[in-house]
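So, here come the structures, one by one.
Look at the two complexes coming up: chain A is in both, with chain B in one and chain C in the other.
After this line comes the complex of A and B, so read on.
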């Protein structure tokens, strides 16, 4: 096994692993500071913050020959027998000089900078910089320039790492950003007309990522700008519900109010990125029009109900309604869909299960760096379909269900929504005229909601707990990030209560149960890591099972 | 650390004489403070005043920690840049700021709303310490009353008016940051 030595610690490398000095050091638990290097972008070695001493160990004699000068760790391959020294006086001095140089032209307007608290320049200065500022420059306010609809540039805060420029060239493939001027006058900018007006604004669908990439406060997200200081927010791992790519994200909130979404590194799905549609796609969570009143219809009139007495009322009405049907929205988590299917099947073992409408818009969009925005605008079609087809026996769509309802074969229907925008029209709702008991669980008012005998306000993605299965059959679990508004009960908690299970809803317990029951979910039985599990490995087994059952 | 560690210096208890055993020196020592105050009040140097008929004298109003004020700059605008450092430093969580882009070209950020719950405040002065632009200061106004809890939640206008009322007696400090004190 080839090894690399970092500060005396031996690191083992995989057979065909290609790491640079920063990555090898990270494996040894040593953090090498860096600005311009990013694992998802090409290497330019321009910031000089990652300078280290480097040498080669002779495997035969064990003698180490060091290079006389410091080298950038990001550009130095961690070849077998390489020796890195990151804590010598030479390296410390080099880092302090780089920090001092960057701060020469930096405005130090940290009090009003949105990046303060998560800024590499701040952190590295405390760790590696000089204790005293030798330059005689007073703090000043940075110049500001717009780059497009979503992103603004604070020109003087920039450290010219060019991560954003490389991102638009290598990942989004749109190349809006460039470096203008030379030497100490270098600045980031978009292409402009002679009068300074923007010719090609930064407006690609991944543009928000440049703000996350920026190691300092130069690029600001206009949606988040000045809304909240970063140290007040708590970050929760979650999964984006915007499309069926299911990017790993972080929901950042303060006191149950979301302030921004950020991508979370996941090499299997989204790399380090997320699209703007997903990034700003949380506004419906705090929409004042959200439904929060639990109501039921009594002798034709809607009266308010309460969650404690609801289970008994629901059961009475649904048992008396005749044939039951449930529509499982692709916004439900796997666990919630399973629990609802179980509940309906307990009331009526022959109940009809169908998948809710699948919202689509346009075509799948592929970007140069491999990122994909799917046309399917729901997070969990695959997961819910798997539940419907395995528990329900066959895979019914929304249209199939509407046809059955119109034919009058369904007496009691449980409809789950959770879509951020309108998902059916009045004509669809008309078809439910023959349904005796209609239960609708949704986040926004709709024609079906108005018809419902039981109006149950539901949760949005940030309030749910459970798992989504994305378009490539990868299952990711997440916990709730914020509590739902007063009056709302999340689907999972309600179904848990309806099934008479004790205590609070525990998604991981339900998932373990599903993994035992349904072979498609079997890989999730051993728990789900942060990057999710691939369910495809069992598809072969599942199809073999189908063939066997068809043959037998 | 073990008992035989060379860094430990062992000290013997001093032997007490007869007076020490009868606690007489300690009794006399303890009573000196009482006698000092007694003689002071006999000489008429008392500090007790009959408030509210008589106002107490505040030693140095610049370091007294009373009601907050929000300072204004030369143009009469609020000096605060809405950095939230006072709210971060506040141990009582009584400061609530809503920041926004400032309407002025020379400033990037300003507080759209700035409220302090004067009832929740513990008057520790940490906000004043934390402020990077000397915008929030504690004045020597101590007799703060109100008829309701809501009245005691001071908004930006109220805090600026406290500045107008006290700027003569208590000038802003640190001239480097625009203070008027000399």
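After this line comes the complex of A and C, so read on.
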């Protein structure tokens, strides 16, 4: 096994692994500070924060020959027998020098900077900087200028790592950002007319990522600007519900109020990025128009209901309604869809199951760096389809279901919504005239909601718990990030109670059950890691095995 | 004037020396014919044997550089001629390109033939309009005469020369900065490796050579290796890394001398000889206080170090970085070193490409500090800070990508080593009450750098 030594700690390398100094050190538990290097971007080795001493160990004699000069760890490959020293005086001095240099003209306006608390410049300065300021330069300017609809630039906070510039060139492929001027006068900017008007704004669909990439507070997210100090927020792993790519994200909230979404690294899905549509697509969660009142219709009039007596009332009405049907929204998690399917099947073993409408918009968009925004604007089509086809026997679409409803063959219908925008029209709702008991669970009022006999306010993605299966058959599990607004019960919890299960809804338990019941989900049986599990690959392997065993 | 007969400058000063007619009258393009009759690898061997070292500043052996090209590469291989002569005080390339462009082009064609380059990019700085005009005309003349284009002189070798004008940045003279600029990008030097010989312009193997180097190649082919090795100084036997300094060299003498100009002399001539025998001595009967041996980035020689031989090794023995471009700038005893240092730092701060933090911020900090000292707000502590900046920026300590920061650091270092008493005296004199102060001085309306 080839090895690399970092500060005396030996690190093993995989056979074809190509790591740089920073990655190798990370494996040894040593953090090498860096600004310009990012695993998702090309290497420029220009910030010089990651300077280390490097040498080569002779495998035969064990003698180490060190290079006389310091080298940037980001650019130095961790070839077998490389020796890195990251804690010598030489390295410490080099880091202190870079920190001092970067702070020469930095405005040090941390008290009003959004990045304070998660800023590399702050953190590294505490750890590697000098205790005194030796420069007489008084950095009193803090200029701000707009780069586009989403991002604003605090010019003087910038440390010129050029991550944002490289992002627009290498990942979004739109190249809006550039470096202007030279030397100490360098600034990041977009292309402008002579009068300073923006000619080509930063307006690509991945623009918000440059804010995450910025190691300091230079690039500000206009949506988040001055909203919340980062240390007040709690971060929860979650999955974006914006489209069927299903980016791994973090929901950052304070007291059940979301303040921003951030991408979470997942090499199998989104890399390090997420799109602006997803990033800013949480506004409906706190929309004042959200439904929070549980109501039921009694002799033609809507009256308030309460969640305690609801199960019995629902069961009575639905059992009396005749043939039942349920529409499982692609916004439900796999577990929720499964529980609802189970419940309907308990009431009526012949119940019809269908998948809710699949909202689409435009075409799939592929970016230069491999990122994809899907046209399918829901997170869990595959998961719900799998539940519908395996539990229901056949895969019915929304239109099929509408046709059955219109034909009058459905007596009681349970419709789940959860879409952030309108998902059916009044004409669709008219078709439900013959349905005796209509249960609608949704987040916003709609024609069907108005017609419902039971109006059940539902949850949004940040309040749910469970798993989504994305367009490439990768299942990711997540926990709830915020509690739903008062009056709302999450789907999972409701179905759990309707099925008479005790205590709180436990998604992992349900998923384990599903993995046992439905072959498609079998790979999730051993639990789901942070990056999710690929249902397809194991599926293929399983079918290959099947073929092989059949052949044998 | 000494009895050395100029070779590189032989045609300079003749009427119409920039035309092909005049050039051919003096035996022009015979070397090309000779070279085309040889095998490319024999041309490389000849250049290698001659010990020719690059004239652009670093003094890297030219023949060796050519052998770094990958063997049997499917091509194309490119050749860049570095005519982005930006080192302050340097003008030897300009003289060659303006008065003898054909010599350069002949050397360029021979070099391209030796390296089997398919195309040559002649990267000339924007500030040389006459050189550009004459060189472009000379290239056109060469196409007419069949020295360029398809099947040159029936040899089967084809070459095109593309003229490219820079936009006036110092950093474009750095070879990878030049390549980036040639590709239409910001001239940010690349990380090495890969070196240009492996992956250069347009991601193909590329050789970058200086204008004077090309002229020397022509002379080597024409006059032979032995002639070239008869000029200059052999390697220092006590220094195994010394490759020797052979051949004639163009020295650009400027500053406080009676006869500034571009002079051709054998490598190894001492600074004193150059000033006295070629430059007619320091002006106004004064004495030299400091001499820049080869462009400001090489550092400074003191007035009593003028016996320093101006070969690739000489200035290094006196604490300078090297011979550089052999641009000798003489400063008389009326010069204030604080002015010299401030001017030098301002230049490098202005020209720093801004990629690496230590260079971008270090040069600008040093400039601000020196401006403050010059305005009578200096403290002795500042000199220690300056010395620290000088010691920590550059490719030598490993903190930058290219050598610009070394060039910025060397005058600071040399100045503080050799002229510290004068700087201290200046600070004490101009800031009589505050020179011991360690507290920050009040904000001063600092001059902007641009």
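Definition applied: the second predicted complex is superposed on the first by the 533 of 552 C-alpha atoms of A that agree within 3 Å, B and C clash if a C-alpha of one lies under 4 Å from a C-alpha of the other, contacts with A are read in each partner's own complex, and residues count from 1 in each chain.
One rule holds in what follows: contacts are C-beta pairs under 8 Å (C-beta built on N, C-alpha and C of every residue); 3 or more make two chains touch, one makes a residue touch a chain.
None of the values given here were measured: they were computed from a predicted structure.
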{"item": "First (chain B), second (chain C), both or neither touched by A:226", "value": "first"}
{"item": "A:75 touches, of chain B and chain C: first, second, both or neither?", "value": "second"}
{"item": "First (chain B), second (chain C), both or neither touched by A:160", "value": "second"}
{"item": "Which of chain B and chain C A:136 touches, first, second, both or neither", "value": "second"}
{"item": "Greater residue coverage of chain A in the superposed arrangement, chain B or chain C", "value": "C"}
{"item": "Set intersection of chain A contacts, chain C complex versus chain B complex", "value": "none"}
{"item": "Contact footprint of chain C on chain A as seen in their complex", "value": "43-49, 51, 67, 69-71, 75, 93-94, 97-98, 101-102, 104-105, 133-138, 159-160, 179, 181-186"}
{"item": "Chain A partner contacts - residues on chain B that touch it in the complex", "value": "81-85, 88, 99-101, 106-109, 132-133"}
{"item": "Chain A partner contacts - residues on chain C that touch it in the complex", "value": "169, 186, 188, 191, 349-358, 360-365, 368-369, 372, 385, 392, 395-401, 440-441, 443-444, 446, 449-450"}
{"item": "Chain B-touching residues of chain A, taken from the complex the two chains share", "value": "109, 111-112, 141-142, 144, 225-227, 229, 231-232"}
